[in-house]
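Across the two complexes that follow, chain A remains constant while its partner is chain B and subsequently chain C.
And now, the complex of A and B:
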């Protein structure tokens, strides 16, 4: 950490540091953009991990989590306090440095009303255009008179706004347009067979060729981050199962880890192994679903059923131990909620026995099919540099040959004592992303094989205080969810409810590359690219 | 072999024997035939819906409809009544006249094609010297209905679906026609009854061996594309265009598209059985007289239906196995591979026939 401190002082001598979980630098707004570009260019912080908008009552601001992949995935934190008064708070945008910030900053603007200077398209991201107020502000007025249930439909917003500063330091708005006047815009979603939920794309097409994709999000936004501020820590756990429901265990694992880290709780060995196994089972289930949906979105309905047939076995295992097939609510602070079902070991062994043969069958039915290969290969190219820039982690990032597995980079749970390979593909296209998923199923099976006979005896839960109060401070935890790196940010002021919780979901970043990947391809490719990126909508609309 | 022509001419003579004028007898016969054709059409459509649902279920490790009637046999009737009582929703912004006309164009073209198929010896309605040519001509009318449906719905999905359909059907008609012409060259006639009669010694698939088999494969691929079925179901690509050209239709107007799709599957299978597998002609092996005698005891319509259902099975199998192709890949496949290949095969067959290399 001290190395990094020295390096930062070299590029920015007036940096002030704060003690915390990671090295935290406080930067005034005026120096932020310069500091950010130096961090990226000189200190190789090439990955913007999280952007957390904050309302510290006296000021608004943003907490940035930055990761440097060449520096052995070292994480640092930058706190920037917004300039201007509360109505006109602004921060310089870094979307030109890290493309992932484009949507992240729009979310912060939506929720906290901080305007990002230099951002090309400063519109709301989740809420309706006519929404009054910014919900994550502490002084937000939630009265239904201000935002009644609107009975008329939301108008398409085709105007963009871009803010800049004039000579006197005042904010100036430059209007723009999303689509050209004569673009033929096809609306896909929110109710559409292959958007995997209520996602909406507006695609400008020229014949069958896609020219631009505009993402309209927020149809199932539930305001989870706002809701958490009024609930105790055990009460907020269940939200994680309802974000990416295909990574329910991993997400909840992450939140529990973050709280345990803050409380300094040691999780019993048995719970650690159970958590790891559940995470891998969840990953298998998710990738089987991804296989099925990719096949179905391309018209191969039978392959979809094949994927579901094996997934059913995983769900039965969950059903027996957790009591539910979806929204399992299994991890709790300090361990897991219930012990394993007596059949667990037998069922997992049966799954391990079945899966290799099933995978062969999938490859025969779908992966090796000439039509499937022609549809997926060379489509939706995402080079490695773009994958890092857009923070595309998980199987999609590894399909671009980017080694980004959180289980390897920041080992947690039992991952440091099992052997598995990080699957990488060099194609950077939809087929590579698809193949990474198929091969990750094999690796998950490998992890399960190593653990299934070695589940230690003992407690399933550590002793935790009856009333959980986190000490003052902020924590960030990451896990490798089925679709990428899932992060949880908690800021506490010592109450039994959190001051601010932010969920950094992988799918939010995935949907950000749709425009980049789809341009110049056909309408049919838009669907297959979306299927191969495999985003889950509730994870985007938290 | 039993000639169904005996029955029809006996009926005709009986009508005339009652002292009817010629035109009146023909009129009565026409009405009876029309009723029979429509009845056959409906029954076949119902059968095909169940056939596909059951087959698809078995491919997908499912059971398919099981609740209504034994093995779900009555499910299709329930579905039929459901679709009949559904409201025909008319939408704002559509071209009313064309919107309502389109399903009738499609259903008409498919009924006319059905009427051209021979079901048994003497069991056919129209029998003239350009039979197969006529079927091809009528089949191209269907695409007009699809284009009109897509255009008049005033919806971007339907328009894209219609444009895809237009490009697809016009392209694949070439291969389809060329594959059929290959057999016409072998047979020397476009008359359907002659084509079937020529296959008495052996089916054309065996008589023409190599070029006939190539033509058969080309025909099955092109026919799959002609009927807008997977992997060529782009005009109604569910996952891209929700339902393609018939997105905006409801009730029996949608039902017409649905029925026509299934019946077109039967019709292309019927034509394949006619041109390549002998139509209603039983399986005859030259020299095996005893075997041929036994085969002759199975009635012609059974042969015809069994062959048609078998080819339909293959086409349904395609649909539930392959992913969908993309529009540019589909057109490239037709224009760069299938059509030149069919053309070369036609010449190949002409050489075969000229040199007498066939059986």
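And now, the complex of A and C:
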């Protein structure tokens, strides 16, 4: 930690530090861009982990979480207070340094109304373009008269805005266009069977070749982050199950971990192991679904049935222990809500026995199929440098040969005690991403094998206070969800309810590379690239 | 055996038969003769046993709907298996998931593209009432705000068995309908849209 402090003082002598969970640097807006480029170039902070827009009542601002992969995945925090008054708050954009900031900053603009100077396309991201107000502001007026349910069609927005500062420091708007005048634009979604949910793409095509893909998101934006501000900590847990419903256990694990960290609660050993096993079962279920859907998107409907056959076995295990097939609501603050079902060990062992054979069958049915290979190999190239720059974690990042497994980099739960390999593929294409998922099922089975006979006896839940109040401060926790690194940011002012909760979802970043991956490919490949990236839309929109 | 008899499940196995009796009563009272003719019976038999859904899932419920299509639950047993991607080929839309403000006009348009006779099932807590997100600034509190709903299936998400129960209730509802000469259903839909016009830009 102190090394990093020294290094930061070298590149930015007037840095002011703040005590906290990670090293926190306060930077005035005027110095931010220069500091950010130095952090990236000189201190090798190559990964922008999270961008959290904040409304501290007296000022607006952004909290950035940065990770340096060469410095052993060290995390640091930068707090930037926006310049200008509330109506014209602005911060310099860092989307030219970290491409992932492109959509992140658009989200912050949408939710808090902070304009990012130098951002190429400062439009809303989740809400209708005729929306009034910025919901995450503390003084947001939520009266339904301002924003009624509008049933008239939303106009396509073709104009972009880019803000810059003139000599006197005033904001100047430069209009632009998304597509060129003579582009032929094809609309895909929001209601489309192969977009994995309600995602909308607008693709400019030349013949059948994709020239540009524009993402229109927000068709399932439920405003979870705002809702959490009015609820107590135990009440907000259930939202995590409904964001990425295929990573329900991991997401909830992450939120519980973040709260436990803030409260200093030690989770009983039995609960730690149960959580780890449930996370891996969830990963298996998610990857089986991903296999089925990838196959189905390419027309191989039979393979879908194979994937679902084994997935039902996992769902049965959840059903018996958690009481539900989906949205299990199993993790609670301090442990898990109920003890394991007596059949749990037997069922898991049966799954472990079945899966290796089933995987062979999948490979026979689909992976080696000439059509699948032609559709996936060499399609949707994402080089490793881009994967880092766009913060593509999870199986998709590892398909680009980027070692980014949070279970290895920041071990949590029981992952430091079990042996497993981080699956890496060097193809950087859709097929690599697909193969990483298939091989990760094997690794998950390996983890389950090591734990299934060693579930310790004891409590399933630690003693927690009846009324949970987090001390003043902010915390960030990460887990490896099925689709990448999932992060939770909590800021508390010592109340029963959180001041701000931010969910850093992996799929949000995944959809950011659609444009990059699809350019130059056929329009039909857009579907297979999306299938191999395997995003879940409610996780993007939250 | 009433008119609402379907092959898959006995009348006494349904938990709430009152509503369907009430429906028949209402139809009789408004002059629609429910002792339907042979043609009606034939049409109802056909429609209720080949209900084609429109794939319309926004979140978790859609995954359970996929389980419904897979081997264990196999909705093909009831004639629901031909899931269509175009509303023009579908009989009903099963709203699976939250409908938010941005989605509302799209949802309404999809419904309008469905060919008559068309039905709506609100599946899951979010579609029924807004569910856990009811208080949010941009969630439609129940799809009934924008569409006339025929069957509600509660749950978060509903189990596949619950979805089947709801689908069979829709089958029973179709069985007591009258197509030739009777326009009561159409009238009800027109009434709904008169109450929820688009120009107002606001519901309720």
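We adopt the following convention: the second predicted complex is superposed on the first by the 542 of 542 C-alpha atoms of A that agree within 3 Å, B and C clash if a C-alpha of one lies under 4 Å from a C-alpha of the other, contacts with A are read in each partner's own complex, and residues count from 1 in each chain.
Keep in mind that, in the parts below, a contact is a pair of C-beta atoms (placed from the backbone, for glycine too) under 8 Å apart; a residue touches a chain by one contact, two chains touch by 3 or more.
Everything numeric in this text was worked out from a predicted model, so none of it was measured.
Is A:371 contacted by the first partner chain B, the second partner chain C, both or neither?
first
For A:165 in the superposed arrangement: first (chain B), second (chain C), both or neither?
Touch status of A:165: no partner.
Where does A:11 make contact in the superposed view: on chain B (first), on chain C (second), on both, or on neither?
After superposition on chain A, A:11 lies in contact with neither partner.
Once the shared chain is lined up, is A:192 touching chain B (first), chain C (second), both, or neither of them?
Both partners, chain B and chain C.
Please work out whether A:522 is in contact with chain B alone, chain C alone, both, or neither, and reply first, second, both or neither.
After superposing on A, A:522 lies in contact with chain B but is clear of chain C.
Between chain B and chain C, point out the one touching more chain A residues.
Of the two chains, more chain A residues are contacted by C.
Identify the partner contact of A:305: answer first if only chain B is touched, second if only chain C is, both if each is, neither if none is.
both
Once the structures are superposed on A, label A:381 by its partner contacts, choosing first (chain B), second (chain C), both or neither.
Neither chain B nor chain C is touched by A:381.
Return first, second, both or neither, reflecting whether A:208 touches chain B, chain C, both chains, or no partner chain.
In the superposed model, A:208 contacts chain B only, not chain C.
From the superposed pair, tell me which chain A residues show up as contacts to chain B and also as contacts to chain C.
On chain A, the residues that contact chain B in one structure and chain C in the other are 192-193, 305, 309.
Which residues of chain C touch chain A once you look at their complex with the stated criterion?
55-60, 62-64, 66-67, 70-72, 85, 97-98, 100-106, 108-110, 132-133, 135-140, 145-146, 156-157, 159, 196, 198, 201-203
Within their complex, state which residues of chain A touch chain B.
Contacts found on chain A: 184, 186-187, 192-194, 208, 295-303, 305-306, 309, 365-366, 369, 371-372, 374-375, 522-527.
Can you list the chain A residues touching chain C in their complex?
Per the touch definition, chain A meets chain C at residues 126-128, 135, 140, 142, 144, 147-154, 190-193, 197-198, 218-224, 226-227, 230, 238-239, 242, 245-246, 289, 292, 304-305, 308-309, 312, 315, 325-327, 537-538.
Going by the contact rule at the top, pick out the chain B residues touching chain A in the complex.
Touching chain A: residues 56, 59-62, 156-157, 160, 164, 230-231, 233-234, 237-240, 242, 320-329 of chain B.
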